[in-house]
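Encoded as structure tokens, the structure appears first; notes follow it.
Chain lettering (A, B, C and D) follows the sequence in which the chains are written, and residue indices restart at 1 in each chain.
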Amino acid sequence: MAGNGAKNFLQQVLNVVTKEGGFDRCLSQMRIVSAEKGRCVAEVKVEKEHTNRSGAMHGGYTATLVDVVTTMALLTVNQETPGVSVDLNMSYMKAAKTGDEILINAELLKSGKTLAFLSADIVNKETGALIARGSHTKYVG
Amino acid sequence: MAGNGAKNFLQQVLNVVTKEGGFDRCLSQMRIVSAEKGRCVAEVKVEKEHTNRSGAMHGGYTATLVDVVTTMALLTVNQETPGVSVDLNMSYMKAAKTGDEILINAELLKSGKTLAFLSADIVNKETGALIARGSHTKYVG
Amino acid sequence: MAGNGAKNFLQQVLNVVTKEGGFDRCLSQMRIVSAEKGRCVAEVKVEKEHTNRSGAMHGGYTATLVDVVTTMALLTVNQETPGVSVDLNMSYMKAAKTGDEILINAELLKSGKTLAFLSADIVNKETGALIARGSHTKYVG
Amino acid sequence: MAGNGAKNFLQQVLNVVTKEGGFDRCLSQMRIVSAEKGRCVAEVKVEKEHTNRSGAMHGGYTATLVDVVTTMALLTVNQETPGVSVDLNMSYMKAAKTGDEILINAELLKSGKTLAFLSADIVNKETGALIARGSHTKYVG
């Protein structure tokens, strides 16, 4: 699965999961920018509802972005297996503020029989500055 | 700050931050159970709005619980400094399902001049089973 | 397996692995203090050969201690399965210096069919100060 | 500092630290391949002394490679400040076996006033397969 096929599939998945009343609704404004085998790029504008009291993108929301967009990257190689989270590690390098547009670049680093290793960089769309990097290990067996 | 003073202070902080329209509103049903110097215990019932498509507590929500309740533990030693996240690491051991009541036990492991090291265990309130463990490093300088 | 049986078994494993010419030889002075189901405590004195240029215990050696002693804790529940490392996460709170005696307290947090979640705290034996905490996820399927 | 100047400087640092009797002596066969501002590539052949009982590169040695080569990448931007480890997170994707030649590609992701965020990929030199990825947060204030 690659190119527009992959992008359209992931956008449809996103449309469905953000409308079901679960936690993913916090991603309802996110958009799939591109997708190919093992990769997914998404974008979203930081709104007040994504921020903490300091007006910066919330660490929990940032972790949610990594969790979900890496899972999208995993779905490009197996539409049937979102997997189950084992470990999720976040490093926070720079704040994103309300109004900032950000890109989430997710990649499947290694896909084995039982485990998938994924990574995502979150960058400021305008400046390219690295906001956060997350790694995500999922059980897919 | 300890005992009911600490508990009441943290409950007030929680009441404020969950009503301001930011990302913390996803914690509006959470309750502070107890607090003392360097420790905070909170509880929440898993609702559909906290779950993923499998009906299990969302990994991003789980990370948010660790982020926020460890910050509460930090506030017990310095009410002025919530700090800024540096690293957040999650291990997911067991699913929590809709209707499960869970406890978040957060602890300040080390508080230095510029960095604070925190940890939280999320357990099923009824069975005591460990659902997730998170570690959180914050910059407090 | 518990008590002196577990302790003696792990000490024998340690004696063997540190004499085979592999990387574990850097643990040749380590000693098993106690062991029970899912737990192992080891101790070692920090020597120059464990340190970096600043005279502090090396971060790589500290990670090795967590890797090995958590694996010892895993062996208390299944002598046949040391498992394979998936994720290892370290937080470094305080330096240990040459001459310091340290304890490594390792614990099996969750043992599933395919994954084991382990944790270890490294503390100064005399002062009890927390030097480092590591979490270790292993594949045991 | 860039190009051969950086490479020669880091090779000299490596020559010194591996001969002082500390833990870095386990890296005595490592070689700096290239260096530029914020980057360092090193290579080493896996020998028995780097392995565990299964004949695979030891997880503790792998963590040591990440620790040290990311620090080399940091030294390219500030020769005076190796910094102090705060968090080190490893994901282990694939075994490296005795005789394998491996590359460690380290990068400074973000350098702030007090914290530096670094990352390293360890790959098989012949096949390019990803063996491990590590992230390393250091205090440099």
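The rule is short, and it goes like this: contacts are C-beta pairs under 8 Å (C-beta built on N, C-alpha and C of every residue); 3 or more make two chains touch, one makes a residue touch a chain.
Chain labels with UniProt names: A, B, C, D = Acyl-coenzyme A thioesterase 13.
Fair warning: this is a prediction, and the values are worked out from it, not measured in the lab.
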{"item": "Of C-D and A-D, whichever chain pair has more C-beta contact pairs", "value": "C-D"}
{"item": "Same-site or different-site touching of subunit A by its copy subunit B, using the half cut", "value": "same"}
{"item": "Centroid spacing, where centroids are CA-atom means, of subunit B and subunit D in whole angstrom", "value": "34"}
{"item": "Centroid spacing, where centroids are CA-atom means, of subunit C and subunit D in whole angstrom", "value": "22"}
{"item": "Centroid spacing, where centroids are CA-atom means, of subunit A and subunit D in whole angstrom", "value": "28"}
{"item": "Contacts with two or more other chains, residues of subunit B listed in rising order", "value": "86-87, 89, 91, 137"}
{"item": "Pairwise touch network: line, ring, star, complete, or other", "value": "complete"}
{"item": "Subunit A residues within the subunit C interface of the complex", "value": "86-87, 89, 114-115, 137, 139, 141"}
{"item": "Touching residues on subunit B, where the partner in the complex is subunit C", "value": "87, 89, 91, 93-94, 109-110, 112, 117, 119, 130, 133, 135, 137"}
{"item": "Residue ranges of subunit D touching subunit C (in the complex, touch as defined)", "value": "17, 20-26, 48-53, 58-61, 63-65, 67-68, 82, 84-92, 95"}
